Every structure is written in structure tokens, then in C-alpha cells.
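Okay, so subunit A shows up in both of these, paired with subunit B first and subunit C after.
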Partner chain A sequence: MTASSTTPPKPRRAPGLSRHLLGWLLASPLAVVLAAFLVVPIATIAVVSFWGATEFSIYPAFQFDNYEFLFSSPVTYTVFFNTFKYAAITWICTLLIGFTVAYFLAFHIRNQNLQIGLFLLCTIPFWTSNIIRMISWIPFLGRNGIGNTALIQMGLIDQPLEWLLYSDFAVILAFVHLYTLFMVVPIFNTMMRIDPSLLEAARDNGASGWQTLWNVIIPLCKPGIMIGTIFVVTLVMGDFITVRFMSGSQSANVGRLISNDIALLQYPSAAATAVVLLCTVLLMIAVMLRFVDIRKEL
Partner chain B sequence: MTKSTISRRNVLKGAAAGVAASTLPAPMIWAQNIKDITLRQFGTGVSNLNEVASKVKEDLGFNLEMTALDSDSVTQRAATQPDSFDIADIEYWICKKVWPTGNLQAMDVSKIKNYDKIVGIFRSGKLTPESTIAQGTAPHSVGFVDGPDGKSFASSETGWMTLIPTIYNADTLGIRPDLIGRPINNWHELLNPEFKGKASILDISSIGIMDMAMVCESMGEITYADKGNMTREEIDKTFAIFTEAKKNGQFRAFWKSFDESVNLMASGEVVIQSMWSPAITAVKSRGIPCVYQPLEEGYRSWGGGIGLSKSLSGLELDAAYEYINWYLSGWVGGFLMRQGYYSAVPETSKEFMSENEWGYWFEGKEATDVITSPFGDELAKAGETRDGGSFYDRMGAVACWNAVMDENQYMVRKWNEFIAA
Partner chain C sequence: MQTADLELVKLTKRYGDTLAVDAIDRRIPGGTYVCLLGPSGCGKSSTLRMIAGHEFASDGAILLDNRDVTHLAPAKRGTAMMFQNYALFPHLSVVDNVAFSLKMKGVAAPERRKQAAEMLELVDMTAFLDRMPEQLSGGQQQRVALARALITRPQVLLLDEPLSALDPFLRIRMRAELRRLQRELGITFLHVTHGQDEALALADEIIVMNAAKIEQAGPPRDVFNTPRTAFVARFIGGHNVITLPDGPISLRSDALRLTAPGSARLSGKVTGVEFQGMHVAVSALMPGDMEITALVPEAAFFSAPKAPGEAIGLDWADSDAHRLEA
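For the complex of A and B:
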């Protein structure tokens, strides 16, 4: 955000304004927007997390009760573990599917129009809302749903599969369905930037297809993979509605913990959980960014 | 469920035109100013119906703005945003939580015309003089305060009411008789391993805990001093039983919204679950058999009423009283009773129901003709009787009222653990 360094050395139009001041002025609209809509709300959440609550009101205080309860409750650890589990499995699935799709689009489709056409095809599910895409799995996966009926009619199973719906399987299936595109897009983007001559050079030097993939393409795709990872992980970590619907309210993640607290007017406790979740996610992203420099991509 | 289509409205209008267009004397004093008044009401979906608002406009002339929310949001709003509403349509247990905030004002019963006709449950606490008062937050126990500025609840009728009762019912378990194939008579059947993976309970802690208590008591595992106000030990024991059942895969899902409960039941995912009366109706109207099973241990009951915002005064306060009097005068009561709820003043509602409807819904008699809901859906055929029987059979068998406990916060934390377990 060093706007001052990019401004011309001597702005003739504004003789009264120093270069320094002009830079600040140019940066200020964005700074104000970010301060008002990002910094202040998060600061408020952090402040409220130290407040106290009665059943129907919250009162200003500076106490660590909320955090104390949070860290001393076994539920917190179970729920955080659950959240990580969802994030990890979803990440692996979306990465495998996303990378494969992007690879196919980038290297196997030679015709550019077809490439664009197929890419747009991937985005079609995004024309409807998140919730609809998620809920539409329910009639499909149910005990008497299309999936089970089809399997029974094909003679593959005798009894309906109970674990298809209202299970961790259903939750992860919905996550993968909802978020794979967030992996496809950045990976596809980095793949398109790979200089074809690098691949030719690899082949000329006798690399097999797998060796090219492992030693050339994947390293060059790392920034894209990382951006996709950040998307997927943050979306899954912050979700609550998918977990509620697809698990039939039987599993919990951190988002549900927060939403339960809010529903019961326990704002300070919800805020404390939110702060812990925020720190966890930031920490994860910080670690990820140490491995890959995504700025190369931006 | 309250999404009324055009056709439904037309049916309703037809029905409304059938009964006397206006049985109320027109209010005289403020006839001119009245049209400018808008009262903002919010509450749970059950009674926040657009039909009521349009009928108010027709009969009383002023505007009623309705907002329907779930019970958690209703509590939140009543407690934290007193200026966002004029009339709060809340449940009695919510009143117990919200009243101490001072956001509502007590109502002078001398201005309520039909006060003397209000069912005993909301006044003395007794349905009939012989009745025993059920456990939990019984409506009369939070229904009165000492004076206009009373902060604490009075133990008997004082002339200052916190909420004017509007709607109430007795809840029990809903079952799919076709998929169960044998009689169900007790609450403990919810945890019967026979229904493993096919049971459900609602994920609203304050109500769910009561259903759990009914089940645990029916199993003979726990005897509660007061199911509506459990000790920590009782809460722990109750959750231990349910957590074990959950881990054994007893539950298919938990539901939070009305529609979820309907879908779970209609799709056959669940064959026995805690349910609300209109949800049963919704399942039945899809042609799927569903029974609101009366159980030996009795019902878990709930009641709602309308309370006035502290900030209401002058003309708007007069309009609000006019609205309350209109509410109790029968049209709304009839409208709600034809959906299976009860009205606080049943005798005025009778005038707005056919003899067949009154017999079916209130007296527990066999329907002599088809019973339809106010929205035109067929609910019962001639010869059928209401599950649970008459008003006195059902409301006389209430085992506990929805409640908020002293250990509520502890219970809520335990509930979270249960969900995460």
C-alpha cells in the first residue's frame, strides 16, 4: 500500500500538496473502507469477547471467563478436531479433483473455444445458491432417495445405505461439491501460465509424463494450489449451515458452536469462539504462506 | 408453512365473507386518525399470519405489520431491541426471560372485554377447579405482575397481565403408524432400539430438554421434582441417557425448523419424533398417514400471548388494546382452532366455526363432514376424530409446560455437548 512511491516525483497540478500528503490522500478511501468494514468489526468482536453475559443481556467487562470456559470444555476440542477433520478431508478431495480437472482443461483441450466453453460449464452450478445446491443432495441421498432406490434396483444392495445422508460422508460430499471450483480456478490459471517450452524441454530431456508432472507442472502450480487451498480451508472452517443440514444437526463444527451461542444471546461467548477460530485460521494461512510465495501469482 | 398462495387467500376470503363481515362495534373515538396507525408485531410463525393482518385492516382499520421469526430470534429481539416492535407475540417461557428487561408493559385487564372468559389455565392456572397445575413455566405463573410497573411475577390474578393469551396447544410425539405397525403409548418409545436410526428430536434446547425429560421419566430412569426447573444433577443424568442413545445411532437427525420435521417424517427417514401439531397436518395433507400420538404420561404444552412494548402510548396504545379485544373476540380464535390450536376464549371462537368444526376440533367428536383447514387443505374425512380427543382430554392431560430453568445456561452448555458428542 505504498501509494506514495508510485506517484510522479513532482505533481505539478497540486503545488500546495507535498508528495507525501498526496500519497496518503490517495490511499485514504481504501483505508477508510477497510477500517470501517473490516478492522472495526473485528476489533469489536475481540472487545466483546471479554464481556460478560446474562441470559438476556451483555455487559461490558474485562474478564477471561469466556476464554476460560472455552479452553476448559472438552466440547471445544472435539468440535475443533471435527472442524479440522472436515477441512483436511475436503481439502484432499477438492485438490485431487480440482487439479485433475484443471490439468485436463489446460493441457488436454487444445481448442481455446472449447477450453473456455468447458470452463464455463464448471461454473454452471454456481448459478443457483449455495444452499439449494446443498439441499438438493438430501432427496438424492435419503433412505428412500434416488441414490438408494437406484442401487437397490440394480441389485447392488438389499438394504438402503443409512450412512449416505445425515453423516460425515454427506457433509464432506456437500463441501467437495460446493468448493471444488475454488480449487479448479486458481490451479487452471497457473497452469495456463506455464510456458509450453518448459514442457517440451522436459520431454526433450527424456522425462516421462509422470516426471514432467511431478518435477515441472506441480512445482509451477504451487501458488495456484495454495490460493485454492486458502479458499477451501477458510470456507470449510467458517461454515455452519452445511454441517447442520447435511449431518441432520448431529455433528458440530466451530461455526455451529458460534451460531448456537448467538441464538441463545451469548454474544461474548460466541465472540470468544470467533476470535479463537480467526486466530487458528490466520495461523494456518501464515504457515501455508511460508511454504509458497503466492505473490508471484498476483 | 404460512406461505399462502393466491388460491388459499381466495378460499380464505370466501370463508371470511361467509361469516359476519364485522361483528364488532366500530371504534368511535379515533375513527379518523386510526388509518395512519401502524402497529409492528413480531413473533413465531404459528400465529403471525398475513391473514390476521389483513383482517385487522378490514375490521379495525389500522395496519398491522407482521414479522415471523424462530423462537430464539424472538427472544433475542424482545430482549435487546425494544424499539423495533409495538406488539410482541411470544411464548410464556420467553416472557419469563424477557420481562425482567423491562421492555414490555403490563396490561390493565379492566380494558379487556373478554377477560372473564379467558380459559382458567391462564388465570388461576387450573383448567377446571379440580385440575392440578402441571410442571414447568405454567402460563399463569408468569401471567401477572403487581402493578403497571411490576417487575416480579405475582402468584395470583392481580388485574395486570404480562401477556394476553392468544394461542396454545398440547404437544406430543408424532408417529408414522404405517411404518411402525403397532400401538405406541409411552414417551420412552422414542429411545426404543426398535426405532434405531429412525427417531428424531428437535434441536431447540429449551423445548428439546422437556421432551427428553418426558422420555427419561417414562423410562423410569429419572423422577424429576420439576421437569421445568431441573437441578444440575438431573440435567446431567438426562443428557447421559440421550448421549448414549445418540452414540448408539438411535437418531436419524435433529430438526430445528418446522419444514425439516415435516420432510423427515414424510420421506420416511424418521418414524417417531417430537413434532408440532401443524407439522402433522402438513404430513397428512400429502396423503401420508401420521398420528399425533396421545401418550399415557401426558402432553408437553406451550402457550403464547401478546405483550405490549414499553414504548407504546397514547393513540397507539389505545389501538393496541383495541387489537387485543378484537383478538379475543373470536375471528382469530376460530382461524387458529381450525388449524388445530386452541384459542384463549374458546366460546367466542365457536361463533366463527361450523358445528362440525367445533365438534371435531374442540369436543373431540367424529367429524360429520370433511374438515378443511382455513387454507383449504383437507385435514380429516367424515367419521374421523381428532388425535387425543377433546379440549378437556388434551389440555387436561398436560404433564409439563415449556419452561426456562434457573440452570438454563448450564443446560445450554450441556445441550451443545450433546450435539457435538
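For the complex of A and C:
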């Protein structure tokens, strides 16, 4: 060591491997996993969406019949509209609730242990499955459920409310219940990174509480809001089971359209709908990402 | 320019059982550059934050221009604060950062941009109006923070360790700039620092704090030459605290003379010699484990150099010895 201490250390390198090749090798396990479980399935769906189908068989082909039928059917537009409606209303509700919860946790709870404790409390519903959380609303919302009974006994209503269960209200309620946490987590995360002295600086410059919220906190939370939005929107756009359960099969979204096709073994038609849904969601995310740079958060 | 006196009356801050600021009193005339000097945890930052209104005073009062501002909102006091890390809004451009307080007041966009640009001209940042804070260097960020604080037309500007994040070269340049700005604006600057050189260089008045109390306050020259206690003598630097039979005294390092051992008042062994350019710092260990540093003019030292381990004597003129409170 003493003899070679003056010579600059040689960069360590696997013998015979260029840096370039080494990089590719390091990336390859993940690339293989992604190719096998993401790229191939999506490519398969895209291929099958051009296949043909009769009542009792499907056959390989390259034709646009499925798409033609999809785009010429008024049902498609109604169902897509419904899906957007669910996504939009759920987004607004989860954003309002999620932001408020995150704000409370991040700025009003000073004790860090309490903060972590309350945050974990938020995740308790996730100890049980989506389906069970959904179904547990039914005895509450039903015609003779806890909700209606309580309202009648309080004398607020005479007749049970019919729209509580098996309605768009129930669907959105379930969505909000299921997905609000996906909004809380990223927003909480961005809020925790806001330097508290910025809030003092805002106060020092004469900003009221609301002005600080609007001019400092919300702009700085944008990346978190955007990540939460992407979670919620993609989850709601792709859902089918919540809509089926909570609407009592009276409402439909795109997910249900696909699931019905699959139940009828109309795979090419289901695949075409899936491709259109996928493109719609990707387009929405692309538009959102143009407005907010989320890379800082990743 | 109007000048407003700032007065602290029995100002106290308690965190639970610990006393951060213990009933301090001080009247600061308007237009003074004041440095609050002290080690970390001495209560200087708490004092500043109470004056700014970002910390509640547990007791006592803060008067500005004979008006009790103790319980007013930060923006209603006539103070403005410049934060240690500058606290610029990362999502706003330079000009929008400076114009923030005007926006909060509801000033129209073109007018607030104009005023912000004027303020940025004062701190020499006209070329950077539309940059984002992350694209600025530390010194530039500080100028923007200054402009943002000054645009509120404060009577007192509060600076929380404003130079600590800068490199040494920039620190010296910025402190000259702070002093120039204070003179031009004629308002009080209250500057918290733990660097004694910074305080001596800048202040009209130094307030040395220790353990939640004001240890000594006065013009820098008085504080430096006549430290009241051993703490101040040590903290302000350049002094030796020597315990003599009739009590402790402080002696400036450059007031000590090296002599032959035996003939002097103190004798000991040289432990280190450091060439500092104009001076040579000779440190020596005296009886009773007293560490003493003498600053000897460079030429005088090398006419009779000493090496570590050599025995020396240290002497001084009686007029240079300054008696300390025990």
C-alpha cells in the first residue's frame, strides 16, 4: 500500500465488461419482470381487440369491427359519461377530505408520535378487503338500515330514504370511503416537506390563515395532490365491482361493460373496450402531468 | 426617516419548566444597528422571535415607538423578519417573493411588481427579477429575502443569523452591505449572531446574552475593552482571563509581553506557537492549568523566538489589566 499510495486508484470494474453492458445487465431483471407481466399482457389485449367473434367462437383476425361497434353504440357514450362522472365527483370529495385530513395531521398535530399514531389509524380500514368494506355499508344504508332508522327516530324524515342504497350516492360514498387514503398519503407527504419557516414568513408578510393556505400551502402541495389524483382517478376509472355492488346493478361504468363482455365470453369486444379505457386514462394522466411536475416527489 | 425606539420590558419566555429568556430589559434607540450576541441556547433567538411575533411572550412587554406590540400579529408590529434559511417561497419568482406582502394587502399586480422591482434595485438584484429561488446562490437569496422584508417598510428589521449560511468571503461582503443598507434606511436592525467578529464589525450596540439573561450591553468598543464578566471576556475573544489572588482580571492578548521566566508576574511553559501574519500567537500553560494566549508582533517574536516546551515569563502593564466581576 505504501508503494502504490502515490498512484491514483483505478476505478473498479468487472473485468471484460464495459460500463454500458453492466448497466443493461443491472436493469435486466426488472425489465424482464415488466415485459412478462405488463408489456406482454397489454400487447395481448391490444392484439385480441382486433379479433373477430361470433356468438360461440372467437377467431384471429385484423379487423376494426369491435371498435366500430363500440364507437357507434350510444351505450358506450352513456357508460363513459357515467365513468367520468364517478371519477370527477369522487375526485372532488377525496381531494377535499384528503387535503383536510393531511392538513390537520401535518400542521395541527405537533407531537410526532401522535402524528404517526393518527396516520396509522387512517390505514386501519385497509386491514380488511375492499369487498368487505363495501358490503358493510349495505346494512347501514339499506331501506330499513341503521341510517334510515336513525333518521326516522330523530324525526328528520317520515319515509325511509330510497336513494341511500343502490344508487349513485351509494357508489360514490363507497368510492370515497375506499380511496380517500390514496389522497391523504401523498398530500401528507408533500406537506411534511414544507419548511415551517415558510409559513412564518407568510405570516410575517401579513398573510392571513386562508391567504397562507391559498398562496403558499396549496401551490407547494400540488405535486402531492397530483399523485393522489392519479391514484384516485385510475382506481375509479378501472373499477367495476364497487359500481355493481353499490348500485345494485342499476348503474354501469366502463369496467362493468368489460366484465359483462367477459362473462359472455366476448373477449375481442372486451379487449377493445379495455384498450379505449386504457388510452383514455393515459391521456388524462398525460394532461395532468403537463400541469404539475411530480418528479421532485419521486 | 422616522426612528422608533424599541423597548423590552421584563421580557420572559418559558418553555414548560425551562426559562429561555429571563425578564430582560433593554431600550434600543431608533436607527441603531444592534447585535444580539451569545452562544447557542442563550435565548437570543427566542428574544428575536418574540419581538417578531412568531413566539408568544410568556411575560413582560415589547414596546415599539411607545406602542405595546406584545400581542399584535407579526405584520401589525412594524417589524419584519429575515429568516436564517431565508425562507423564500420556492414556487414564486424573485419579484413575486418580494411582492408577496403587497399581494396579501390586495395591491394590483402591475403596481406591486413595480414596487418590488424598486426594492430589488436597492439590494442590487434587478437582473434576477424572474428567476426562481432555487436558481440563485446563497448570497443572492439573501438579498431577495432582505428585499422581501424591507418592502413592508418596517421600523425594525429582525435578522436571524443572516450570515451563517454564507461562505466566509461572502459573509464579509454581505455584512458590509447590511451596514450600508441600515445607514441608508435609518431604521433599527436587530441582528442575532453567535460570531463575535460579526457583532464587533457591524454593531452600534452589542447585547451579549448568556443563560437567558443579558450579560452585558453597550457599544462594541466598551464591551470589548471592558468586559463585565469572565464569560463576556472569553466569548468576545482576544482576552485572557487570569485569576489573581485579589480576583479575576481580563487581559487583552496583545497586552501581554514575553519576558524571561522568573522576572515576570507569571511564568510557565510554551505549548504552541502559531504564525498569524502580523502576529504570532504564543500559547502557554501557567501554574494552575491556566491556558494563556499572547499575541506578539511578528518582528518582536522573531527577534527572540520561543519554541514549545521553553519556559517563559508573561508580564503586562497594570493599566491594561481590567478587573472582572467575580
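Convention: the second predicted complex is superposed on the first by the 285 of 298 C-alpha atoms of A that agree within 3 Å, B and C clash if a C-alpha of one lies under 4 Å from a C-alpha of the other, contacts with A are read in each partner's own complex, and residues count from 1 in each chain.
Operating definition for what follows: contacts are C-beta pairs under 8 Å (C-beta built on N, C-alpha and C of every residue); 3 or more make two chains touch, one makes a residue touch a chain.
Since this is a predicted model, take the numbers as computed values, not measurements.
J.: Per the overlay, which chain contacts more subunit A residues, subunit B or subunit C?
T.: For subunit A, the partner with the higher number of touched residues is B.
J.: Would you sort A:166 into first (subunit B), second (subunit C), both or neither based on which partner it touches?
T.: So A:166 only meets subunit B here.
J.: If we overlay the two complexes on their shared chain A, which of subunit B and subunit C does A:73 touch? Say first, second, both or neither.
T.: In the superposed model, A:73 contacts subunit B only, not subunit C.
J.: If you stack the two complexes on chain A, which partner ends up touching A:142: first (subunit B), second (subunit C), both, or neither?
T.: Once the two structures are laid over each other on A, A:142 reaches subunit B alone.
J.: Once chain A of both complexes is superposed, is A:252 in touch with subunit B (first), subunit C (second), both, or neither?
T.: The first partner, subunit B, only.
J.: With both complexes superposed on chain A, which partner does A:82 reach: first (subunit B), second (subunit C), both or neither?
T.: After superposition on chain A, A:82 lies in contact with subunit B alone.
J.: Mind working out whether A:263 is in touch with subunit B, subunit C, both or neither, as first, second, both or neither?
T.: First partner only, subunit B.
J.: Taking the complex as given, what residues does subunit B use to touch subunit A?
T.: My answer: residues 72-73, 75-76, 79-80, 97-98, 100-101, 197, 200, 203, 205, 246, 251-256, 263, 267-269, 404, 408-409, 412-413, 415-417, 419-421.
J.: Give the list of subunit C residues in touch with subunit A in this complex.
T.: 52-54, 73-76, 80-81, 83-85, 87-91, 100-101, 103-105, 148-149, 152
J.: Looking at the complex, which residues from subunit A come into contact with subunit B?
T.: 55-57, 69, 73-75, 78-79, 82, 138-139, 142-145, 162, 165-166, 244, 247-252, 256-257, 260, 263-266
J.: Show which residues of subunit A lie in contact with subunit C when the two form their complex.
T.: My answer: residues 195, 197-198, 200-208, 211, 215-216, 219-220.
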